[in-house]
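Quick one: structure below, then a few questions.
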Amino acid sequence: MQQLSSIKIAIVLGSDSDWPTMQPCRDLLGLFGLACDVRVMSAHRTPEAVMEFSRTAHENGYKLIIAAAGMAAALPGAIAAHTILPVIGVPIASGTFGGFDALLSIAQMPPGVPVACVAVGGAKNAAVLAAQIIGTGEPDVAHKLQEYKSSLAAEVVRRDQSLQGQIAGK
Amino acid sequence: MQQLSSIKIAIVLGSDSDWPTMQPCRDLLGLFGLACDVRVMSAHRTPEAVMEFSRTAHENGYKLIIAAAGMAAALPGAIAAHTILPVIGVPIASGTFGGFDALLSIAQMPPGVPVACVAVGGAKNAAVLAAQIIGTGEPDVAHKLQEYKSSLAAEVVRRDQSLQGQIAGK
Amino acid sequence: MQQLSSIKIAIVLGSDSDWPTMQPCRDLLGLFGLACDVRVMSAHRTPEAVMEFSRTAHENGYKLIIAAAGMAAALPGAIAAHTILPVIGVPIASGTFGGFDALLSIAQMPPGVPVACVAVGGAKNAAVLAAQIIGTGEPDVAHKLQEYKSSLAAEVVRRDQSLQGQIAGK
Amino acid sequence: MQQLSSIKIAIVLGSDSDWPTMQPCRDLLGLFGLACDVRVMSAHRTPEAVMEFSRTAHENGYKLIIAAAGMAAALPGAIAAHTILPVIGVPIASGTFGGFDALLSIAQMPPGVPVACVAVGGAKNAAVLAAQIIGTGEPDVAHKLQEYKSSLAAEVVRRDQSLQGQIAGK
Amino acid sequence: MQQLSSIKIAIVLGSDSDWPTMQPCRDLLGLFGLACDVRVMSAHRTPEAVMEFSRTAHENGYKLIIAAAGMAAALPGAIAAHTILPVIGVPIASGTFGGFDALLSIAQMPPGVPVACVAVGGAKNAAVLAAQIIGTGEPDVAHKLQEYKSSLAAEVVRRDQSLQGQIAGK
Amino acid sequence: MQQLSSIKIAIVLGSDSDWPTMQPCRDLLGLFGLACDVRVMSAHRTPEAVMEFSRTAHENGYKLIIAAAGMAAALPGAIAAHTILPVIGVPIASGTFGGFDALLSIAQMPPGVPVACVAVGGAKNAAVLAAQIIGTGEPDVAHKLQEYKSSLAAEVVRRDQSLQGQIAGK
Amino acid sequence: MQQLSSIKIAIVLGSDSDWPTMQPCRDLLGLFGLACDVRVMSAHRTPEAVMEFSRTAHENGYKLIIAAAGMAAALPGAIAAHTILPVIGVPIASGTFGGFDALLSIAQMPPGVPVACVAVGGAKNAAVLAAQIIGTGEPDVAHKLQEYKSSLAAEVVRRDQSLQGQIAGK
Amino acid sequence: MQQLSSIKIAIVLGSDSDWPTMQPCRDLLGLFGLACDVRVMSAHRTPEAVMEFSRTAHENGYKLIIAAAGMAAALPGAIAAHTILPVIGVPIASGTFGGFDALLSIAQMPPGVPVACVAVGGAKNAAVLAAQIIGTGEPDVAHKLQEYKSSLAAEVVRRDQSLQGQIAGK
């Protein structure tokens, strides 16, 4: 994975309490040979840090940014406002609406400044989408994605057989 | 109204297409003797302008800020992130959800950085709330609010009688 | 904080069962040097008390009122009907809808009688918004808000470093 | 219908703009031999009038009250707070949510103070429910309800035959 | 309460699993001196029983019917289809939507056949509404309702003082 | 299609105003060689007719029933309560919620009494589903379904080419 | 049940974690004398398997397919895309929206390709609906459905009496 | 733009009726120097075409796929099931829910198979996101994105000044 050392991805959390939800994102990025920095920054509490980070993300070598936030989840959009890097937004199910507010706050971006929204709590999908984006230019990552896709399918097949066995064995 | 000349309020629109919805806000502020500046700024398209405006709003003499936005309505929160002035948020019914997304994006702010959310399209209530806030320190504005409150009541009474007359006259 | 002794804020609860949710509001007001009275009054069970309280709140020296209620959360609006003081409404997540009914009942006020709605369970934001409103006329409170804002940012930075350390240390 | 002259029903509107929606309610009450007064009163703009009306409604001879309101539709509950008369609430589809906010604001009343909520815009059902309530003690009204129920059924049968004829005739 | 012995109310449950939710309804009816029969009948599993019961409810001396059901809560409407007695519907929070489906299924009745919908799980309000309906013709029940209303208010006042004491005592 | 003459399907409408929405259902059934009766019956206004029709539908030779209704759309469930024939429910977008209430009222049936719910306004899908059900025992209908499925695909292909042509031709 | 040995039903799960929810479906099919195969296949992870299975389901002797899935529940529709067999879809309450997303994803199929949607978690109703569909051509299954329907009714009657006894016995 | 001629993007529509909504996507891609093919394919009506297209998209030189669909919008997910290319999903506001069903169907993908969801009707954002993804490897596209971002900001500034002029000129 040496050849990927120059590819950097950032995972930005609106709160460190989002880390247990997002840890599988980092683990899966690792599976694709992609390193990442994890940061806690808040669109509403440390907006300058968000701006500074986002404005310089491109020149600092980040290829894309994954941002997770709950409730009025402004973080992914606030990052997207300052960069032309792709921003993947992960709605977090904090508060009492199960992440429904965060989903709308992240998906319903105005024309010109997109965020790539994944499912509520979709840490793994943020990682896969990130790898897919990197994979458009990195054959190695694309190859790993193919393997991952195959492993997903194999796992379903394995569980299919296991369940059929379990039922037959009753 | 000379004595209020030093009180400045800002109405910030996420898009100039919000102006027809928000014009009654400005008109009603005028009724309370409150001048306002109207600005178009976008949390996602001109974030630096939003930051610059919000950071200096206090020292530039603004007493509070009214911000209107639709969809993933980040503007009110983005302003609140940079100032300790009260921020009133008005969800705008753009998009296909009737402003429901904007309502959640504005009301569901995280702990520490509030926005005072009013109803979808609630331009008049933004103005009244602004006057109420100013009125906590300005007896003249408080007095005008009392008059306005009385006029609202009188108008309901007038319409009550008018409808009763209309029905009786049938 | 001597000079603030004349500033009174009221926290009105629709039910004493809302107190655990709202206690952080009172604690945070205390941090801003703002004293408050806490009352239990019900728009539907003690409407005269609500009316009496609201009508005299101004002359009794209250600067603003924070009202918390769940379900068909009429309390903030019922108070706003009788006073020109700013009313901050806090939707409470009672019932089976996670406070969604209360959010709509509080935010969707008709033209002329606003309530400043914060997030479901947003006790802290009610306190900060109250301080921001008081702070428009009280430099001391404004100063404390700046400190609080800085402390929020510092806390995020601290957690950012702590999480990075935790991850690096693995 | 002479013997019913002492039965009075009130239709209270939060706004005179609700009259076109509610006129069928009054017409249908008339069909049941029930007279009604129509009033415009606002829980938020004329709360004293609402209180005064509600507190004296019983002694003024009203048997029940029908209240229609939109958005944060506090009117039916505000009336119910002051009377032991049955209160029927009609959510009005004003605003951008199709009356969804009003439905929740009217139906989700706290324990002890009920409102009988009907469908959004359910003017006719408010009238029928009112007649049903009166009909528990007035055989004449009960008789008219039976006739009305029969006529509803007959109308469905007529339309059933008409549509079958129309289809067959093609 | 002898004089009320001829007044009968029915509580009909769509499932006996609704009984814990609805037991407070029966208890509160008892407080108002109103006896009730409790039945389990299902609009979808015993529709003939529902029809038979509803069609004869009037002649069998019932004054009104309280019906509780969850999900596609057809029971209150199915009863209302067969009687001119007032039907009070209580949405039950079964399933995964917190009773939201039941609320819509009960409130949104078509023109001509109303159900008086109360809050999700609103067992007590069903009882109070029932008493209010009976009370339009029974001064004794009306009197008890006044006492109940006073006791609700007194309880809020007591809790208000208790909380204030608790806070002051800290 | 002679051999299908003994297969009868019923389309039951809660209101004749649903006919324009449901006419494509009948047309499409015709395409599959399936005749149908169209009836207007109301779960709430002609419940006996619904019961009578449903109870005898099997012996009267109906193979399945398609029922369309809006708002608290009880009709499909009321039919299903009285028959073991498959019942297909079509939510109609009447009222102000776009058929959302009807969708929940039809889909969320309690255990033991299913309704096969299709999309809001899904007249065509009701017809196709009906044909699929009939087709499990009628090879002719199955054959026609295959043709229909092919024609759907061919139409998409045709439109694909047409749009590509239109774009290229610009 | 010998004569039914040629009738095959498939239960397809999007994930083996849906099995506890769907096991009652299989048990109830057994009660109706209907055997079934249980498979785990994913529209998104093993789409070829889904396609292969669906395309050959008819010729492989399946009479209908029951498919259960959560969140963006594409499985029932993906199967329906490849077969003219009836497909019953069961929304599963995975994720944080209680199956609401799955309900919409399954019910709102486009014209031409229906899925018969039952309630969220409606495993039993999927089985009953399957039996109803089979029963249109199999008198034995129809007979068992009648017995099942009677047993449901008898159970409600039994619980009605049990609850009445329990209440009387207090 | 010669040097980009090898970069191909596909816009896939679930229906040609989505073209007016999606045309701005193609126009904006053109602005970024990105050519695209536009196809009409249906996850439910031409699933084989979707599969064939998706499986070969990578080898056919597509860099990413934009898929637009309404209601149970399975198309983006169906494509993502067969490719490791990034898939951008655009919910279309067909049906009566304003695209709310499509938003959930597209965003709530299960772990392992992401779709990058943008706003309902977000044709432009799909184009910008596509350019951002391509831009991670193509400096020319990145440069054009910077220009586009600047032009968005400039347009807001222009409208800000224009509105201020319009207001001042009154």
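When the chains are written out, they are named A, B, C, D, E, F, G and H in that same order, and each has its own residue count from 1.
Note that in this section a contact is a pair of C-beta atoms (placed from the backbone, for glycine too) under 8 Å apart; a residue touches a chain by one contact, two chains touch by 3 or more.
Given the structure is predicted, the values throughout are model-derived calculations rather than measurements.
Student: If every step must land on a chain the current one touches, say how few steps get you from chain B to chain G.
Tutor: Tracing touching chains, the least step count from chain B to chain G comes to 2.
Student: After a C-alpha superposition of chain B on chain H, what does the rotation angle come to, in degrees rounded to the nearest 5?
Tutor: Between chain B and chain H the superposing rotation measures out at 90 degrees.
Student: Out of D-E, B-H or C-D, find the interface that copies F-H, where copy means more than half of the contact pairs are identical.
Tutor: Of the listed options, the interface copy of F-H is B-H.
Student: Distance from the CA centroid of chain C to that of chain E, rounded to the nearest Å?
Tutor: 35
Student: Whole-Å distance, chain F centre to chain G centre, using C-alpha means?
Tutor: 19
Student: Measuring centre to centre with CA averages, how many angstrom lie between chain B and chain E?
Tutor: Going by mean C-alpha positions, chain B sits 42 Å from chain E.
Student: Between chain D and chain H, what distance separates the C-alpha centroids? Give it in angstrom.
Tutor: Centres of chain D and chain H (C-alpha means) sit 49 Å apart.
Student: Do you know which chain H residues sit against two or more other chains?
Tutor: Residues 15, 42, 45, 71-72, 95, 97-98, 100, 107-110, 112-113, 119-120, 152.
Student: Let me know each pair of chains that touch one another.
Tutor: A-B, A-C, A-G, A-H, B-C, B-D, B-H, C-D, C-E, D-E, D-F, E-F, E-G, F-G, F-H, G-H
Student: In the complex of these two chains, what residues of chain D are touching chain B?
Tutor: 13, 15-16, 19, 26, 37-42, 45-46, 49, 71-72, 95-98
Student: Give every residue of chain E touching chain C within the complex, in rising order.
Tutor: Interface residues on chain E, with respect to chain C: 93, 98-100, 119-121, 152-153, 155-157, 159-160, 162-164, 167.
Student: Could you list, by residue number, the parts of chain D that touch chain E in their complex?
Tutor: These residues of chain D touch chain E: 58, 63-64, 84-86, 88, 103, 107-120, 122, 124-126, 128-129, 132-137, 142, 145-146, 148-149, 152.
Student: What residues of chain C sit close enough to touch chain D in their complex?
Tutor: 14-15, 42-45, 47-48, 51, 70-72, 74, 77-78, 80-82, 95, 97, 100-101, 104-110, 112-113
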